[in-house]
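Across the two complexes that follow, subunit A remains constant while its partner is subunit B and subsequently subunit C.
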Partner chain A sequence: MLLLAPTLMPGPAAAPSGAPPPDSLVVVVSADNPLIRMDRLRLQDLYLGRTSRFADGRQAEPIDQAPGSPDRATFYATYLGRTLAEVKAHWSRIIFTGRGEPPREVPDGVALRKLVAGTPGAIGYLERRQLDVSVHAVEIR
Partner chain B sequence: MSDGRDRPTGGAGSSSEPAASLVPADDRPRGWLQRRSAPPALFSLIGVAVLTVVWFATLNRIDVERSNARAAAVAATRDNLNTYEAQVVRVVREIDRTLKSVQYAYRLRGSGNAALRDLRARGLLPPSLVFTVSVTGPDGTVTASDVGGGPASLADDEVFRAARAADTLAVGRSVRREGAGEWRLRFARRLTATDGSYGGVAVVGVDASFFVSGYDTTAVGQHGLLGVLGSDGDFRVLRTGDRVSAGEHVDFASIVPEGETGEAEVRLSGEAPDGVPRFTSARDLYGLPLAVVVGLSEEERMAPAASLARLYRWRAAGVSLLLVFVLAVVGRLNWKIVRLRERESEVRIAYGRRVEHLAYHDGLTGLPNRSLLSRLVERHVSEARRYGRRLAVLFLDLDRFKEVNDSLGHEAGDQLLREVAERLEGTLRESDTVARMGGDEFVILLPELKDAGQAATVARKVLDALSEPVDILGQEFQVTASIGVSVYPGDGEDEQALLKNADIAMYQAKDAGKNDIRFYSDAMTSHTRERLALEASLRQALVKQEFELHYQVRRDVRTSRITGMEALLRWRHPELGMVEPMKFIPLAEETGLMVPIGRWVLATACRQSVAWVEEGLPRLAMAINLGARQFFDEGLVHAVRDTLVATGMAPELLELEVCESVLTRDADRTLSILRALKEVGVKITIDNFGTGYSTLAVLRQIPADMVKIDRTFIRAAGSDRVEREVTDAIVAMGRSLGTSLVAQGVETRDQADYVREHACNAVQGFFFNRPVPADELAALLRAEVTGPPPAEYSPRG
Partner chain C sequence: MSLFLCAAAAAVAVPSARAQERHTPSLRFNAFGTLGAAYSTDGRANYVWNPLRPEGPGFGERVSLDLDTNLGGQLTATLLPRLTAVLQVVADQNAEDHYTPHVEWANVEYGLTPNLSVRVGRTVPDVFLVSDYRKVSYANPWIRPPVEFYDLVPLFSVDGADAAYRWRAGDWTTRVHATFGRATADAPGGAKVRGENGLAVSFTAERGGLTARAALERVDLTITSFESLFSAVRSFGAQGAALAARLEPRDRHFEFATVGVRYDPGRWFAMGELGWTNSHSILGESAAGYVTAGVRLGPFAPYATYSRSQLLSNTSTAGLSLAGLPPERAAAAAGLNAALNAILQSMVQQQSVSLGGRWDFRTGMALKGQVDFIDRLDHSPGTYANPQPGFKPGGTAALVSLAAVFVL
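Moving on, here comes the complex of A and B:
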């Protein structure tokens, strides 16, 4: 069932309206993570440091790709509707006032997959083609 | 009502007022009613006072609000400074810790790259999102960098040189990164290799705006200021409102207070680049070459206070307007009330004055009347007593006023009285008072007298003034008066005695021949006492049946036969004996006693006449005299008719004699009375013909049956030629009336001859017969019936 999930996902993952091509980026969690879908708002809150938990109350840890990564810009534009500059300004403020830390960064999608696969509450994003059994995509609504 | 308005004297004119006024004077303290309305100035005063209070309170409150807002702004500035200081210090310490971590790792690994990799892997580097961490070689060439894209060499950067020089935290200037809009601020520390040699520097770069990213409009407003200032006076970053800049140079010492530990000083300053005035405060960061500056826009901070101030001002303005309006309305109302009350009290005072004047003044002459005079005399007597002064009371009575009144009518009399009043006032001093006591009596009060001679002088002046002829209804009159004088204290101790004694003295003057002055003295009173006694007994005479009638016959001028008789009143006084008619008839006429006495005369004469006829004596005319009062008495015609019926007297035998002056006094009334009398059937005789100065036209209207020529003309007939001519004229006038003529008072043969010559119809007088009592006359009549008529006129009895 867990294995099936990624294969079943492509359809639903492509669902978000106004999203870039369905195949480009998917949000992923560890294959062990039972999370199948989540609200777009919660995803935003996780990546903007406004919450650190999934909807069911489990601890969540958002992972970012390196600032220079094109996937990063695509992710923020697609799922958060924000430019990187805006995101930076947002985190600058939080960091300066000491109210939070930005998501951990990894150099690229592969590194991210590796980190997410090995971290129970981790959540990240990568290109669809980078999916493998260690992680599964989460449907964002 | 006692307001001390007593004047020392009453004044000579109608202006005199009684001592106790009935009317509130103008200068009297106002009553409570008056006091309930306020003077108009009070309203302005209240207005100014309330406006002052309102505006004082408003401005005070605005002031309080302002200073509260300022205090709040100062406190907020301090709060923000404290917060900002804490944030900047924490961030800079973290950056320093990162640099120290790099120092450590470098020492261990001997390579910048390895060191950074280790640190990154252990999560010891700050978020790359904001910070860049790099390592340079000894010459400043960047050998390792946490994130790419930084400059290749920092050799020229000030921070590099500073870090190389000493192992302290070096803080660079903010530099504009080419191509990007951001200011880059770098912090650096010297690196030491494993062997202890200098290996380059570790650098942490950060966007300078990071230090002002905590700008929170809820805390510092839209136009607040946050800034990090280097101890060299260059701003590392400065945010004013939305604008972020760096590099501005200021005098560090003037902005940052030195060694301050307590509460930060807050100044109001407009020195920021945008010129916005702000509550500004700065603080040196402990152990770092940096300071933080915080500013809050004055305008923003004071805006609520300013709008409150505006609100309060509007409110105060509104209240002021309302107040002014209300006061204006109330003031106007009050003014109206005041005016109304003034008018009311004016009317009341005027009315009171009028009432008072009427009560204390004579309506005809406007002089003080008897009651006012009494008060004045009383007051002056008490003053004279207190100060040992003398005063005089002059009692003045016009001589023969009655005659003027009787002959010319009341109106003429009134005019004469007014003229007299005027002359009296004109003669006297201001301090003297002249009053009219009624009728033709006046009293003059001389309140301050040096001696009795002065009173005589005044009295003489008064007589002189009156002696000027008076023009009444086109006729000139000579007015005279008799004056009696009494002097306080000799002639009386009080008002009543003084007035009474002056009156007595006046009668003395009158009796002494009129137009004279008499001082009161005890010796002089006897005559007047007699007169008063006479009046008293006259009142009793009718009841006591002291009157009787004498009769004087009238004879035909030619045949000498008796044609009639005149009844003449006589008074037999029990003590004085027979009283002269001239003594008591004017008195009776004056006192009004003449009316009842006249009735008695009428009735007695009629009864006598009837008795004689019944006795068989000839039917003869019986004449009785009617005085003015009796003639104008409304009951006259009734009385005559009733008497005729009661006695059975034949009307045609009754002749009523009325003086010419009485008949011509009031033509209308006279004619209606005479007509009524003629209807009854009695005869009318004009008595004292020639003395009334009447015109023929007036006389012709009178339906007289007989004219009696006055004795003065008959008397004159016997004297010289000029006077006889007057008599001729009078007789001619009498004849022209076409009635029978009777000559009155024929006392001598000359007069009798004259009368006969001038063809009078009848004669009457002592020459023929003197008046005799009834029984004597009866005898005379009986003799006439039996004996032949006398051949010649000869006096009899």
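Moving on, here comes the complex of A and C:
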């Protein structure tokens, strides 16, 4: 049943322009990660470098898709309400004051799934149709 | 079968090897820059955004690239998981009107615990909302931070040590940051600005789009450009010594306090800061502040700013008493009094309304335009330096600026 679950939840067909509709993008963690839901503010703080921990205190590592990925723009617009330019400006303030570095990047959703699946504290985002048993979606409230 | 197992083991091993990727030594390069041109309607002095910068648009060249143009490069090396070294070199207009690169940041940071880190070397304290990245125009809405406010403090880079403690209280991320050290800067004409025993403490709280900060700083400040003036003042016996002790910026406590708030939920943004400084010297006591608000319309972000700087201390002094002085000494004393009053009168008192916009035409690059309507208050030259014959302190002027900015 678990194995079938992803195929029972087919995502909408990819938008022709390449940008997925916002509701088809999900936040994911490794299948081993007990995290089920998360505050939107905590997710924002993880991706803006303000915290490196989940609410229960475990170490978290946000993963980004490559700058050219349409999922990336959709993720920041949907969950952080920010454009990629704003996010870039935000990280400029941190990088050029030596206070940190932006999330690790992977080329696309498939690479992200692979990395998140094998990294206990990793968190990322991908299109719903890219879900499989190695990762599970986290509800963002 | 054993081959299959090996392959499976290798597949499992890959993610854990990747997880350790961050802990291998790494070296990263980043860069930022601004190519900016500014035009001043007043051609009888030069608009500068810092008294340590000698040139700007106005006299000699109505359009100047010197005000905003800069280029910075940074190397960040993660040597051990908790040990990071940063070197940032910036070329922008210096006191000699050259673009000789200088070291803006050079420090080694060690994370004692996940919440507490210490740095040794050159840093820029985060006393103002954007003081530590004021030269990275891409990171800010304006072409340059509001000059009336950011002009309050003459020194930014500090050589010494700092400690930052970060903790989380509910949804708030908070940070206390203390910096101790010394600072020097070159002033035009070969003079030096020196700060000793500097201590800056800032407290920052962030929640979602809200950032609030309060900071205090004190430093023993010396500005050598006034040395000959005050040695002449001291030659007038006890009253000269008393006057110099009151006014000379030599090893004098310079204090300032500031609060700032930024709110940026995404569709719009607003920020403002208030600051107060007391130099306990001829540089006086000042208050300054600004408010900025803007909206984001796709890649465009128009904004408006009001900013103001005002002197709280007197702009004149009785100076040396001429009573009882022989005629030639009285003339010399009168000359010194005039020089002292000229300095007091030249302190920045100015307000401006700025309208501008930013166009993020691609990620990492933006074009900006800004018009500043400047009102020099109380017969102050404001942020105009290098006054020429015919320059009228007080009065109004305008500045039109364009800039292309990037980060890499």
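Throughout what follows, the second predicted complex is superposed on the first by the 118 of 141 C-alpha atoms of A that agree within 3 Å, B and C clash if a C-alpha of one lies under 4 Å from a C-alpha of the other, contacts with A are read in each partner's own complex, and residues count from 1 in each chain.
Heads up, the rule we're going with is that a contact is a pair of C-beta atoms (placed from the backbone, for glycine too) under 8 Å apart; a residue touches a chain by one contact, two chains touch by 3 or more.
Please read all numbers here as calculations on a predicted model, not as lab measurements.
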Does subunit C touch more residues of subunit A than subunit B does, or is it the other way round?
C
Considering only the touch criterion stated at the top, classify A:Arg93 as touching first (subunit B), second (subunit C), both, or neither.
both
Pick one for A:Pro67: touches subunit B only (first), subunit C only (second), both, or neither.
both
Contacts of A:Asp32 with subunit B and subunit C, given as first, second, both or neither:
neither
Tell me which partner A:Arg50 touches in the superposition: subunit B (first), subunit C (second), both or neither.
second
With the two complexes superposed on chain A, say which partner A:Pro102 touches: subunit B (first), subunit C (second), both, or neither.
first
Tell me which partner A:Thr83 touches in the superposition: subunit B (first), subunit C (second), both or neither.
second
Considering only the contact definition stated at the top, list the common interface residues of subunit A for subunit B and subunit C.
67, 88-89, 92-93, 95-98, 101, 104
Complex contact set, residues of subunit B against subunit A:
87, 90-91, 123, 126-130, 147-149, 207, 209-211, 213-214
Please output the residues of subunit A touching subunit B within their complex, sorted ascending.
66-68, 87-89, 91-93, 95-98, 101-102, 104-105
Quick check: in the complex, which residue numbers of subunit A touch subunit C?
39, 41-42, 44-45, 50-53, 67, 80-86, 88-90, 92-93, 95-98, 101, 104, 114-115, 117-120, 122
Looking at the complex, which residues from subunit C come into contact with subunit A?
12, 14-16, 18-19, 21-22, 28, 30, 32, 72, 74, 76, 84, 86, 88, 105, 107, 109, 114, 119, 123-124, 126, 130, 132-133, 136, 138-140, 168, 171, 173, 206-208, 265-267, 296, 299, 360, 363-364, 366, 407
